[in-house]
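In the two assemblies presented below, subunit A is common to both, partnered first by subunit B and then by subunit C.
Up next is the complex of A and B:
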């Protein structure tokens, strides 16, 4: 009886293919093909006057890593990107967790208002955020000088966006301000999904307050924090808009705010009299893709596997 | 009701019949959408009055999209008959691709100097492919009321210029100079390229770099950076985070006395400033030196070789070399000066002051504009933005800035190697 059943050949399940097809097709057209095309583009060179296209293999990459005029800017942008990411990890995510923890305390008055208000900047366009902050920090018309002076810190005021030492940090803080709503919301949701019984059990054992947060809740939301870290990483290494709107395509002062994204933009599309070089730009874009890929892979293979997930 | 429809149809018929009687219809491609009314109301009616059989339409695109839109139209065969040319390589590229016609036989071109034509001529100087329209001149615009209040007069030399700046600073009522370094472009265009030609002797220096007989580390190229290094102390607090629109506003609000400028600011400043404006040219290094001004070629008009109305288009291009056009255009757009050799009179006093320097000084264009920004990385013009801003910020010495620019140029430009 059982033998007869297993021997009977199952019909091919076409509906699986049919249902997968739209997603696979759209993903291929808008993601995989452009990626492959970028890779292909980076192996060619177009002569600026004759428009002749030649296959040059890895020469664009050789140029990028061995020509002083490329390798310096590239690693400067890479380092700036890491710095930008580190600030987000040290400031945005811990504060996001903290705000979420505060919001999840059910007796907090006005918490719906705070939740919305803190999430609002995330919905704004980069351009608006960039211009608003640029105006607020402006030494001519900005409010920041007056605000600092009113609390007795007037001497701390600097043209923050105009100094090499402070510009990138300032931009990182602006970006943190804008995106803090995302870790907050995700952690908030994770905290709410912790079952009451777990908390009640902890309370019965006398674990309350800070100890309860660090020993129970934080452990339970670690996988979410991991996801947030990887989202931050991908977002930061693709960052471009904020720098472009506040500092322009040359990422001043003296390239101190140049990220991989702005370098890619400048190379690909050109800048004023500098003609764009789509092929070299494609090489940089491919490097960005590889860096993000390696980062995500490290997370998936070495960190996420070690995170213990608890059944809740 | 029926009557209205019929009369409407009749009018439409008459209009279409009227347009059929014109010999040719020309369309102008341009990025100057700001100038649409000036072309429609002033310039084109004057031409069409003299040439009733040619109908011309001005069809501009937004500046940021112009190059891309024009390329697409040219390749698709839908571009207009007349094409507004950007200076140097972007127009040269079109010519090399056969999308701009050579105009050597056009007699109107004799009305323009070689410097004026250089932006739209092949590297060997043999073929010109656009009729030059306008240039912008660099200099300094100042607040006449403030100068009168402080008893100051227009400085002639660098020494006098510094004395004026010191006096304004000592008085404390005005910021001596309105400029910021956040956008960097101001530092290069209104700083280095504004005062520089006096030191590198205009065309002599510019061609010296192109031919490889001079280097950017030579004293005549470093000296302007040394002058810029002094500027930082005369700019407003926090100038490092001050952008281009900030500087314009600071000056038109009357809070700053001097504005390192280009003549394109004239219309805006005339509208926004409620004090009297004056202009003085870049200061001479020493009294009695010959003077050189940056008279930067900016806009020209070329012919689409695919145009079916090439003959009519040539009539229009010829007219663009006439005194009438020069007069009309320069007066409608004060600050954009005709590049022709005709002596023109301008109504705007500030524009008149700028253009009067042409008779006193030799003209040159921005030193990095021609050939030197072609294809190479690092780009010399972008490099000048960063270098000039760094020098004014005091984060790089003039010698270091010049050395970096020279090293960048040498890395790809053969005559400098």
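Up next is the complex of A and C:
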């Protein structure tokens, strides 16, 4: 990119190159080239015994989509990822909007404390969050059973992380618990930035309280909700840490919590008897890349365009 | 009429308090539970998890296990040095590139900006296989530099994007006056522009710092050796080894949580202001 500058006739402005070079160099060498390299590797196969490298074109992808050993796990992980994302969209973001709305609607004493406390889990690492909840939900410790019993729901208790039907949902809720602060903060900031005149005009027309929120403010903050959605999408399709920490690389029980991220890790490093296959891993990483790209493109070309019409 | 309206508002406020308090309790409860139980004996942990430690149940056995068995001071230092170094490079190189893009007209300016912004939406993790090959080839595996380089590269796109927005708002009269006074382009950047965008640097710093401190993926893959383990990876491995020693697990987690809580208590105002300022943009 920066090399093109050298062709200029006027005295060469070295300072531009000096300002740009460190960032462009590190970014290109450590991020862009490895991404390209990952894409390239996905077209090759390395023999496990002879270490011989052969170009096999799209065979890794064919394997991924048509070999029974791969297609099931891949689509299971893909579906789990979608499920994970949907829970975040249905639970995390609406609650985040609600909390932000409550924070901005009233002049509550203690508002700052609420905001600070609810945002706190976002700062903790997945490792901490995963283990904290694993301990709390553990039947051995009985904290969650005790809590459920105290509100009369004792019979609802089960080892939520240990059962195939509930493990993934539980993990999604843990992740929601951790990240609820992000939509809350961004929406809160967006609500604060709505011009006073708009609110005053609404009040003159007798639109106040909840009606004001739904009819006016919510429409005005739609672009922010759009940004939060796409951040959630990219974050969720990149998730790995929480599942790895609580359920291990095998994404137990019986792979029911397997996400694309954990599948990529397992494929790359191997699992139990199966040796690692970096080239197959590269194919999975490339698929994740394409999925994220499609998601971002849908957002940019369809959703964002519609949203900006309402922008102030 | 006015009275009933005021009463209705009071009621709505009370309702808002109730809802917010509920979420606050949900957010804080797990963390507080871990911390109070980390100071209790094993029997007390199981007999009454909700109770505060008292003279009879107070026990530091978990902490002594962690401090004698684990290398936590070293892990903490590793996390700190990797985070601070990455943050420094992201802010410095990011600001420099942002300045070049927003200040000068040159061929391929827009294209360069677009190229550098690509990384905002692409998670760097997808290049892991290529990154590992690169680090093996350069002998950087199991050194902090592998992590610093990766975090710098992944932090730069957002940093450049946000900072160039802010830098284009810096008054051009000021820069012109500086040039007339004979300041070099480097002086203008370091002495005029950089101090003016400090609030933006804080915003970017917050966005960059949290994921670096909490990352498990790259320490696990690029620097898993004992000397280079970060706090996140160290805690993960430690808890994996001491699965049945509840005292040790709880103490390890409390030790990982407490520094973050202290830092948050001190800096929460700046952090939240940074976040909300970044969002308003």
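Here are a few things to note about the model shown:
Keep in mind that, in the parts below, the second predicted complex is superposed on the first by the 278 of 312 C-alpha atoms of A that agree within 3 Å, B and C clash if a C-alpha of one lies under 4 Å from a C-alpha of the other, contacts with A are read in each partner's own complex, and residues count from 1 in each chain.
Here, contacts are C-beta pairs under 8 Å (C-beta built on N, C-alpha and C of every residue); 3 or more make two chains touch, one makes a residue touch a chain.
Since the model is a prediction, treat every value here as computed from it, not as a measurement.
Once the two complexes are overlaid on the shared chain, A:24 sits against subunit C while remaining clear of subunit B. In the superposition on chain A, A:69 makes contact with subunit B only, while subunit C stays out of contact range. In the superposition on chain A, A:252 makes contact with subunit B only, while subunit C stays out of contact range.
In the superposition on chain A, contact of A:151 is made with neither subunit B nor subunit C. If you count the residues of subunit A touched by subunit B and by subunit C, you find the higher number for C. In the superposed model, A:41 makes contact with subunit C only, not with subunit B. By the touch criterion defined above, A:16 lies against subunit C but remains apart from subunit B after alignment on the C-alpha atoms of chain A.
In the superposition on chain A, contact is made by A:271 with subunit B only, not with subunit C. After overlaying the two complexes on the shared chain, residue contacts for A:204 are found with neither subunit B nor subunit C.
In the superposition on chain A, subunit A positions 141 are in contact with subunit B in one complex as well as with subunit C in the other. Looking at the complex, you find that subunit C touches subunit A at residues 12-13, 16-17, 19-21, 23-24, 26-28, 30-31, 33-34, 45-46, 49-50, 89, 92-94, 96-97, 99-101, 104, 106-108, 111-112, 115-116, 118-119, 121-131, 133-134, 149-150, 152-154, 156-157, 160, 184-186, 189, 210, 213-217, 231-233, 235-236, 239, 246, 249-250, 253, 256-257, 260-261, 264, 268, 272, 275-277, 279-280. Of all residues in subunit A, those touching subunit B in their complex are 48-49, 51, 67-70, 134, 137-141, 158-164, 247-248, 250, 252-255, 271-275, 277, 280.
For subunit A in complex with subunit C, the touching residues are 1-2, 4-5, 7-8, 13, 15-16, 18-20, 22-24, 26-27, 29-38, 41, 95, 98-99, 102-103, 105-106, 108, 110, 113-128, 131-133, 135-136, 141-143, 146, 177, 180-181, 185-186, 188-190, 192-193, 209, 224, 234, 238, 240-241, 244-245, 261, 264, 268, 278, 281-282, 285-286, 288-289, 292-293, 296.
Those residues of subunit B that touch subunit A in the shared complex are 88-89, 93, 96-97, 180-185, 236-243, 246, 249-250, 368-369, 373-375, 377-379, 381-382, 385-386, 389-390, 393, 395-396, 408, 411.
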